[in-house]
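Just below sit the structures, each encoded as structure tokens.
Here come two complexes built around chain A, the first alongside chain B, the second alongside chain C.
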Partner chain A sequence: MSELAMPRSWRRETKPHKFCPGCGHGLVLKALGMAVDRLEIAERVLFGCDIGCSLLAWDFFNLDTVQTHHGRTVPFIVGAKRARPHLIGIAYMGDGGGYAIGVQHLINAVMRNDRILVIIVNNTTYAMTGGQMAPTSLPGQKTETSPGGREPRTEGYPLRGPEMVASFAAEGAYIARGSVSHVQRLALFLERGLQNQIQDKGIAVVEALSTCPTNWRTNAEDTWKYLEKEMADYYPVREFVSPWKENNPRGVN
Partner chain B sequence: MITNTQTLTVLWSVNKGDNMSNKYGNDTDSNIRPAGHGDRRAFMYGNEVVVRAALAAKAEFLYGYPITPQNEIMHYWSRLAPAQGGKFLQTEDELSAGFATLGGIMAGARSFSATAGPGTVLFQEPLSMAEMMRIPIVLIVQQRGGPSTATVIYSQQEVFLAIFGGNGEGLRVVYSPGGHQEMYDYTIKAFDTAWRYRFPTLVLGDGYQAKMREPVVLYDPEERGMQLQPAVPFVGGEGVPGVEREPAHWRNAFSVEEELFEALQPIIHDFQHAAPFLTEMEASDLEGAEIIVTGHGIVGRSAREAVRELRAGGVPAGFFRPLTLRPFPAKDLKRILDSCPRLLVVESAQGQLTKLFRIAIGGELEHRVEMYPYFRPGLGITAEEIAREVRAILGGERKEEARAAVSIL
Partner chain C sequence: MATSNKVINNQTNQGILNGDNIVINSKALAIVGTDAVSEAMRQINPDVVAAYPITPQTAIVETFSQMVADGLVKTHLVAVESEHSAMSATIGASAAGSRVMTCTSSQGLAYMWELLHIASGLRLPIVMPNVNRALSAPINIHCDHGDSMGARDASWIQLFSENAQEAYDNTLQAVRIAENPDVLLPVMVLLDGFIISHSIDRVEIIDDEAASNFVGEFHSPYSLLDPKNPVTVGAFDSLYGYFFEFKRQQEEAMSNAVNVIKDVGQEYGKISGRSYGLFESVGMEDAEFAFVAMGSAAGTIRELVEEMRSRGIPVGMIKLRVFRPFPAKELAEALSGLKAVAVFDRSNTFAGNMGGPVFIELRSSLYDLQQRPLMINYIYGLGGRDLPIELINKAAGELGEAARSGRVKQIVNYLGLRE
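Then we have the complex of A and B:
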């Protein structure tokens, strides 16, 4: 079967998956599955997932997987990677886990340049708990805890995670933002992030812009519009720091 | 054996003469001398004893975050462990120390951490994950004063935190050593227990034990015939998952109540069945005793010394000390109280140990047992003051205030 249908590293027995219709997680995990397949690293991967919708990925792959606690997937994977460096550690979480409750772990892992891949799915809301305001909710975005819309004067501006960690990332780090609206490009970013670890260059942090029609209360058209217009305007999709610019194995940036 | 009075003197002189250049390092600095059969006699800090024990137990990785009074565990480890291939990571807080330790363990490395006070609070999260997923984490706790930041020095106020601090059922093993030799013995044992029974295992020390120096005999557990349970990885097996083997899928989240209930049954069952093999206690001078004096950890040592002094003076006191606070040696305690239903509980906390005793005694016996408290939260307790208290109780001076103190627990 072509990878466009279902990556080899996906676990068929647990499909269809448990995410809501229209949720972006499935596409992020598809991009990740494609990257893992291309690099043929399934045997060495330790996939860690967080709490929030990301926990639904606990049996998603034919990859060794540990579902941890909210915000604690980065230190868990860091601990495993430090103890057994041949493992390829992937920490998978949402924007709440990455930028709120677990942000100290993200910052310190980037500071230490831990050889892991951190994937943060940014859907601008706490989805599993019912659509509260996230660090990534856009100005004016209505959520259950910002019913009048996010007010920057009192609630601040959304956190641009990759830009933040790129500002102090060490040499060899790979920091990028992809989107589920361009799955192939997201897969490429994830592949580079994994290469970064395989070749012992440094940490990789890849944010994936994603969708949550359930909590956004949007139809298919508005969901995509929000993702490609509103979100992409505030959150530029690109690589921020990359050791792959020169002699790029896949020739694309 | 030295008393608590002497302990305080030792602690004071150590602090006064703190000499960084001489604090860590090779065997000579810790006065380590051969003691026959491969054993070595030493005079060292409790925190160094922990490190020597962890290395003797072939621990591979320490993940830690600075908090007094356990810091020297990290200091000694980062100096002594590399020669044995040991690794260290200083993390950004106790949450990450705990979760990194869990990561190391699941990847197959015998890993541990150490903490105290507010750090023990943050450790509840990784400990509860370990309880749910049967991850054999070893945690050394060197209790400091509480609540809040309190003191960096000493207390016995983390008993409940050590046992029941997490969300869940407190399915943990908690050892309370009473001196450096036991600190060495039980730290080694903790690694075996954790991997054998796969419950989080804590060694509950305290600031005095961490920071004082006293004699200890170091040994290689294998040379003494101890076969430590090997560390086995939870993930990263050979072969392509889903093709050549099943993938390892570990979780701690469940969708429905019944699913959780079912998942918990084997964990609870295993703990209950392991308990009789795990409980440990020490008792002496029970013959003809009219009062049992009890305490745990270093206070237990003062209690033992007090009983010795009382017996020498013709006062019929007995001694009991739980070495495992969880599971609690309830059976032994009941047997002892059956013939001597009067108990003095001494602790550097406001009744945490006493509550464990009340739970353990339970039922019908509770009405028969006269329980006297001696609570000194955050303070060291000497054998002399315990002996004085025993004489006062036997002289009938403490009855009413004892009832009042215990009744508000």
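Then we have the complex of A and C:
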């Protein structure tokens, strides 16, 4: 089967999935499914979904899955990983869960260099609750709690999560930002992140720039423009810290 | 929104208005419960609001954010990163001497837990609407009272609402109750998630000026940042300090709140035509058996009670508005002489089949009565499970049977549970 078809690790019975049309979550999970397939680790994965639109992924994969509560997916997976080091622990969360209510866990897990993969879906809003301002909302972005647009003077500038944790990440950590506009590259970043855990190198944090046409109130064209222009301008798509050699794209030294 | 001006005179409000002709200016809006609360917040015009979104509370902050953006209030709105921070910022702003509010639901309230005790321990008159929603796990966004019951020993006053109108009325009154010098405790205004928060209801919004005069200005008795009177708030108290005395004073304040709540409820009647007490009695004058319930379920139970009354059945209902302070003495008076009482609880204590929190506390309240009614507990509606009138009817049958036979078949029952 070609790799572009439905990843093996996806649960067919639950497709079509429950995300809105045009939502980026499905593409992030596509990239993750591809990475899990390539590494053939499905039996070992523990997939943790945060509260947020991530929760719609509770039956997305043929993987052991746990529904945690808002912002706490990182410590949950850290605990599971310590108890069962053979597990491949994945914390799947939104920018609200990762950078607002649960940001202390992200910081401390990176500091401890916990052997887990954290995926943070950056859609610049709290989508599940109806589109309020998130730490990632862009300057001027109108949301339900910033009806006049985000005002940097009082509400500050958007948080660049990977850049922040890269600034103090320990040896062996893998920190990158991908985008759903480049699913193959995102899959590669996720694969490297998983390799980091398999080979016991360090933590992996991969942010994925994503779309939320429902709360952005954008049509297909504007959705994509917002992602590729506004978001990518503010949030560079690249690897920040990596133990993997440049010439080894599959992340195996 | 349709608005109309309405005049209520002593004809419609005899008991309350004492023969005075009072003109009440209000407009009736068709709005959802969350907007009713936002309207009250607009009129209160707090100095600071710090909040984090959570279903079903979110719409309160969203509407209020728009009000801030439109310049309708002078509030500093802080979109904090969690409820823990929301309550912390609220405490900071309140300790600094301003009038502050926040609002939340469910997991958000649970996440505030350590701060709830700090707010009440510091005697800060914070007002917080909490839209009742079940606690995880499994995750559920619908109504039950498990969230606020988790805070029942946090020394917060708790006012329950039957509908959007009461959520609005309670929010305005909460400010006066909290800030009363004999009380100085935080107040939680409870409204049922979705059933009240997201249903469109007819809500009378009183005139802005009347509301603002009723709420009045806040003068913090122990404000920080008063250079002539420097104070330290919440300082470390060692083993031989005053901690125990502090806690005793909180209990005193809670007892004082009983009369304050009644007075504020009467005064509110004069500007709105709707006066409030600790609970509402329906058909209790000659009832032989009765229901006790809180929140939106009271509306459904009232329907049935009225229907049964029309068939000559001696049934009544007490709708409990104030859960903290628990009006034990007043409830005992109201229920003494009855043959049987059915208590409806929208949460459980998980104490080993002891029943729900309202049941346990009410049972304890009636212990000293010479003639205690028989008591049955119905736990219902967890995680938003519906309470149709047929289920209440079933409970009514069992209650009537207990009254007749003088025997309760089963003390703790689950209504609407799939077994």
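Rule of thumb we're sticking to: the second predicted complex is superposed on the first by the 246 of 253 C-alpha atoms of A that agree within 3 Å, B and C clash if a C-alpha of one lies under 4 Å from a C-alpha of the other, contacts with A are read in each partner's own complex, and residues count from 1 in each chain.
In this text, a residue touches a chain if its C-beta (ideal position, glycine included) is under 8 Å from a C-beta of that chain, and two chains touch if they have at least 3 such contacts.
If you're wondering where the values come from, they're calculated on a predicted model, not measured in any experiment.
Asker: A:79 in the overlay: touching chain B, chain C, both, or neither? Say first, second, both or neither.
Answerer: In the superposed model, A:79 contacts chain B only, not chain C.
Asker: Given the superposition on chain A, which partner contacts more residues in chain A: chain B or chain C?
Answerer: Counting residues of chain A touched by each partner, the higher count goes to B.
Asker: Once chain A of both complexes is superposed, is A:87 in touch with chain B (first), chain C (second), both, or neither?
Answerer: first
Asker: Quick one: classify A:63 as touching chain B (first), chain C (second), both or neither.
Answerer: First partner only, chain B.
Asker: Tell me the contact category for A:140 with respect to chain B and chain C: first, second, both or neither.
Answerer: neither
Asker: Touch check for A:236: first (chain B), second (chain C), both, or neither?
Answerer: neither
Asker: In the superposed arrangement, does A:156 touch chain B (first), chain C (second), both or neither?
Answerer: After superposition on chain A, A:156 lies in contact with neither partner.
Asker: Thinking of the overlay built on chain A, is A:51 touched by chain B (first), by chain C (second), by both, or by neither?
Answerer: A:51: touches chain B and chain C.
Asker: Overlap of the chain B and chain C footprints on chain A, residue-wise?
Answerer: Residues 51, 55, 67, 69 of chain A touch both chain B and chain C.
Asker: Spell out the part of chain B that touches chain A in their complex, as residue ranges.
Answerer: Interface residues on chain B, with respect to chain A: 60-61, 63, 87, 89, 91-93, 95-104, 106-109, 111, 125-126, 129, 233-243, 247-253.
Asker: Where on chain A is chain B touching in the complex?
Answerer: For chain A paired with chain B, touching residues are 9, 11, 42-44, 46, 48, 51, 55, 58-59, 61-69, 72, 74-84, 86-87, 104-105, 107-108.
Asker: State the interface residues of chain A toward chain C in the complex, per the touch definition above.
Answerer: It is residues 51, 55, 67, 69-71, 100-101, 103, 126, 128-130, 132-133, 135, 144-148, 155 of chain A that touch chain C.
Asker: For a test of understanding, state which residues of chain C touch chain A in their complex under the given definition.
Answerer: It comes out as residues 52-55, 58, 61-62, 65-66, 69, 77, 79, 81-83, 107, 111, 136-139.
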